[in-house]
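The same chain A turns up in both complexes below, where it pairs with chain B and then with chain C.
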Partner chain A sequence: MSLTNTVTAEDLIRISGVDPSKCMQCGKCSGACPSYDEMEYHPHQFVAMVRKGQIEKLMASDAIYQCLSCFACLERCPRNVEPAKLIEAVRVAVIRQQGMNHMTANDIPEKLDEKLPQQAIVSAMRKYSK
Partner chain B sequence: MQRIGVFVCWCGSNIAATVDVKAVAEAAKHEPGVVFSTDYQYMCSENGQAMIREAIKEHRLTGVVICSCSPRMHEATFRKTAVSAGLNPYMVEIANIREQCSWIHKDMAEGTEKAIILARAAIAKVHLNAPLVAGTSPVTKRALVIGGGIAGIQTALDIADAGFEVDIVEKAPTIGGRMAQLDKTFPTLDCSACILTPKMVDAAQHEKINIISYAELDSLSGFVGNFTAKIRKKARFIDETKCTGCGICTEKCPSRKGLNDFNMGLNTRGAVYIPFAQAIPNVAVIDSAQCIHFRTGKCGLCEKNCSAGAIKFDQKDEILEREYGAIVVATGFKPIDASAFNEYAYSDSPDVVTSLEFERIMNAAGPTKGKLVRPSDGKHPHEIVFIQCVGSRCTEDATKGKPYCSKICCMYTAKHAMLVREKYPDVKVHVFYIDARTPGKNFDEFYRRAVEQYDVDYIKGMVGKVSVEQDHLHVQGSDLINNEQIHINADMVVLATAIEPDPTARALGTMLTASMDTNDFFTEAHPKLRPVESPTAGVFLSGVAQGPKDIPETVAQAGAAAAKVIGLLCKNELTCNPCVAHANEALCNGCSQCERVCPYGAITYEDKEVRSPEFRGIKRIAVVNGAICQGCGACTVTCPSGAMDLKGFSNSQIMAEVDAICR
Partner chain C sequence: MWLFDEIVKFHITELEGQVNHMKYSYYPGCTLKTKAKELDRYGRLSAAKLGAELEEIENWQCCGAVYPQAEDEIATKLSAVRTLDAAKQKDQELVTLCSACHHVLKRVNDDMKNNEYVRTRANNYLKLDVPYEGETSVIHYLEMLRDRIGFDTLKAAVVNPLKGVKIAAYYGCLLLRPSGVMAFDDPENPTIIEDFIKAIGATPIKYSQRNECCGGYIAMEDKGAAQKRVDVILSSAKNAGADLIITACPLCMYNLDANATESVLPVKYFTELLADALGVKEED
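== the complex of A and B ==
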């Protein structure tokens, strides 16, 4: 994925490791979702829309920030599709398009907080660097 | 030197589109021993076979190579053709240039090259072929049916009606199986017990049927037509010949803690019990784990009260040895354990039940006498949620559940919903479904009746979570049609749990050397054309043991399996496969390694007098029983001295093929 080109379904599939074709659209993810009412698009729609290549709508939607990453959808999916990872991939795609505002190793010391799990820092590195 | 004819088949365009058949026929002409070579559009057709017959006579062929489809498809056809022209059938070799060549290649040049190599290998083998004569083995005219549910009962009745003896071995104390537990049956809503129990009685009264209940297959030896089974008849601590089934012992028994399996553990029973009123045999059984006498040595109330003197605390397991010509596997299914699905709170609330538990609750002979009440407090429920596909249609990499559709759940859920609405119109019924799968005669009409006439609320979507609240269950799910998440306060939740093969199936499959799939369903010999036969000769499949199916399909398959068994048992003898192992006496050292690897027990040892230049005296030598040997070849590769060889597939023949391929 380049920073200038549009994001494709293949990009999201590669970033997330999710195979949307496995989904049988049962809706159990959306039945489990605690943020359902806040979200414009729901977990099962993320999977369906990526499959159909409707990426721009997802990237423009606030739904990506209303997902709590609670992983209920991922845990309960009978087909191991892992919608939460796909939503995360859309978020990452949006952030990467916003330019070079990603974290560097030098930013870490000032952000360290004893209450903050180290894993969060590491995953932030992964998320915000290209 | 053999005089070999080569016949290259086009199989329409199946072979000819990817393999230059003329080039194959031409190349074969130059192989040693080949005196005739041709190609034809359909070798298996009557014209094609006539061509082979004429060539055998005209060119005095001693061996034939057919370059065509897999030998599984038409080897038997071409062997018959050879026989009708006076050739030994084992002088025919097939070069598989369809499945192993044209179907897997796209490039004509590559396909043709491989086809020529395969033809060459077959020609090299025919040079070493020798005429073989098949022997015969007798057929024991009795069948063994493993499992006494509707599948086993129907198969047994059909075989017995044809005049053959049948033994039904059932692991439970009574026959009847899962169908006996059901309340009503779809799509006619007739009472399950009312249609099943007469069949149970028919089986019990049939002079040709012998029911061996509370018993399991311990071991099996032999082969098609000649099986010997050891059946373990478990101690029920009751003399079956004396017990009258009066039930006094079951009333007097002071132990009341054993869970009632027949009611899916929804209530308890005595340590001595009769599973249900119409049980066959109508004989009590003692659960020794619960019995006070077995635990403390005291009590014995049942013994004191039994006027027939049938209680036998000292009864032991008994081993019966019986011979059979055919075996039918009808081991059925069980629902999967719903407690793996924490999100549905099955382990947290007694008001979350499986469909089979619900079946017992709705049944007039069940724990609530057919009154629909909440298991937790016995109150009348006002709102019920049914969840379909619980554990069905999951991917292999999901943490739980089965990859297949359990097939029966859509219909029984529609039935449950309808029955509830019929008996209790005040109860609201919701069904969460992914797809309503209702193929079958009058099935979709049945489901539509639930929606249209009984006003059952079908919601396309799945439940994500069931949480236990103060006096109700909070059900949260998605409604995909309305694009909303819905919340229902339900009194009961019913899970349409997936079904899986009975846990005894895997061990049984190993014992019978019958193949199974990764889900432990028995595999059929051909998924379309031989659906009731196992690939293991003499083993037949009936009911859910082979794959999920409903009652009408089970009964149809049971009858089909019976027809196959009857076809086998009415033969007086079976032709054996002559491609069996044999030991070269000069080379055999009697080391016993072949005996140990033989899966069929076909090898024994004899002391034989040997007079050869190297050795003179008595020698221990392996002897193969040709009727038992299945020609698997395990002994030939195990034998350290190279004494074992397989007729028709000898080491020299196989090496000749390899040499021809590598040439």
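== the complex of A and C ==
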């Protein structure tokens, strides 16, 4: 995990296109988040923590896999901060590191059931691996 | 006489314009070729009945199912750009049916139009004869019904109105958000599927969870989390008095069906009810 140190707030800002300084910490995004109970850090915390440079904590948290990419936080933010993009940037920064795929093709068979649509598999691979 | 000819000619060209307009490029996506064949089949039968010709894009590739949000993701957007360019070549609007495909194609199209970074790099990779710059208009099948065919026309074409059936529309996330790009309907108070339900003679049931996420993307990662979301949605619809739920998304369909633990409601594709109402369900 030593590579984690090399990811900076600036990297995440560049990858996501998000400007965390626009955030006024109103918490509306987290209030809208359907995954609130499951996520260790909530969308407004992602924004605040990137601002403070607490990147390692975010990269090590399971919260990046609990985000549903539903875009509720992004839609409902009064400042157009788009937290979902920042969360995705953290996830991408993790899985782009060597050996850090969260799910690989080998994990798929045990998860298959008869009715599972292709789109579930394709999207899981795309979200969780590089 | 001369003037008369000109007027007739003008009207003919205008009419041809309208007729042409009813021909669309169509992107089914991989799930509609496998696990969601009914969504596709009933969609095609119904479109034909309504006079809309759906021409499947040749040799299309899977769109990837999730829109890559990272600004520097280019390669993962290319298959969508190829599809968009194929529709441009035919000078047709591009109709989609799977909510996820629609989301990906619509957002990549927006990038190609408005994001200089993505546009330049994607075009550098693809080396098309003419660069693609977001020219194609991408519409979902429901938008074709609402904005091109019209719900009044649909209503008039219904031979088997689904009287008395109480239907809950499930929008989910991907058709509505981000509304700035999707421009599908009011993201907090959409009406398009309810209007569709009325047009086929049934009764729409409104419930608070209709535009909240079902957790489909996390079904493979954390089944418990998906089950929790599904139960919230289904009980919300059931308590509002619905007999069934309709969706446009194969992932929602799977998730609402397979990950329900408590109140179970039948889940159907909107195209199945459409085909039923139009009297084409048993054909094929």
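What we mean here is this: the second predicted complex is superposed on the first by the 93 of 130 C-alpha atoms of A that agree within 3 Å, B and C clash if a C-alpha of one lies under 4 Å from a C-alpha of the other, contacts with A are read in each partner's own complex, and residues count from 1 in each chain.
The criterion applied here is as follows: contacts are C-beta pairs under 8 Å (C-beta built on N, C-alpha and C of every residue); 3 or more make two chains touch, one makes a residue touch a chain.
Nothing here was measured: the structure is a model prediction, and the numbers come from that model.
Asks: Could you look at A:Y36 and tell me whether it touches chain B, chain C, both or neither (first, second, both, neither)?
Replies: Only chain B; A:Y36 stays clear of chain C.
Asks: Can A:S16 be said to touch chain B (first), chain C (second), both, or neither?
Replies: second
Asks: Considering only touches as defined above, state whether A:M24 meets chain B (first), chain C (second), both or neither.
Replies: first
Asks: Looking at the overlay, what does A:A72 touch: chain B (first), chain C (second), both, or neither?
Replies: After superposition on chain A, A:A72 lies in contact with both partners, chain B and chain C.
Asks: Which partner does A:H44 contact after superposing on A: first (chain B), second (chain C), both, neither?
Replies: first
Asks: Looking only at chain A, is it chain B or chain C that touches more of its residues?
Replies: Comparing chain B with chain C, the partner touching more chain A residues is C.
Asks: Can you give me the overlap between the chain B contact set and the chain C contact set on chain A?
Replies: Shared contact residues on chain A: 72.
Asks: Applying the document's contact rule, which stretches of chain B touch chain A when the two form their complex?
Replies: 343, 389, 391, 393-395, 397-399, 401, 432, 434, 460-465, 476-478, 480, 483, 485
Asks: Spell out the part of chain A that touches chain C in their complex, as residue ranges.
Replies: 14-17, 34-35, 38, 65-66, 68-72, 74-75, 82, 84-85, 88-89, 92, 103, 111, 113, 115-124, 126-128
Asks: Which residues of chain C touch chain A once you look at their complex with the stated criterion?
Replies: On the chain C side, the touching residues are 29-31, 34-36, 62, 64-66, 68-73, 76, 98, 100, 173, 176-179, 187, 212-213, 215-222, 225, 229, 250-251, 253-254, 257-258.
Asks: Sort out for me which residues of chain A touch chain B in the complex.
Replies: Interface residues on the chain A side: 22, 24-33, 36-37, 42, 44, 72-73, 76-80.
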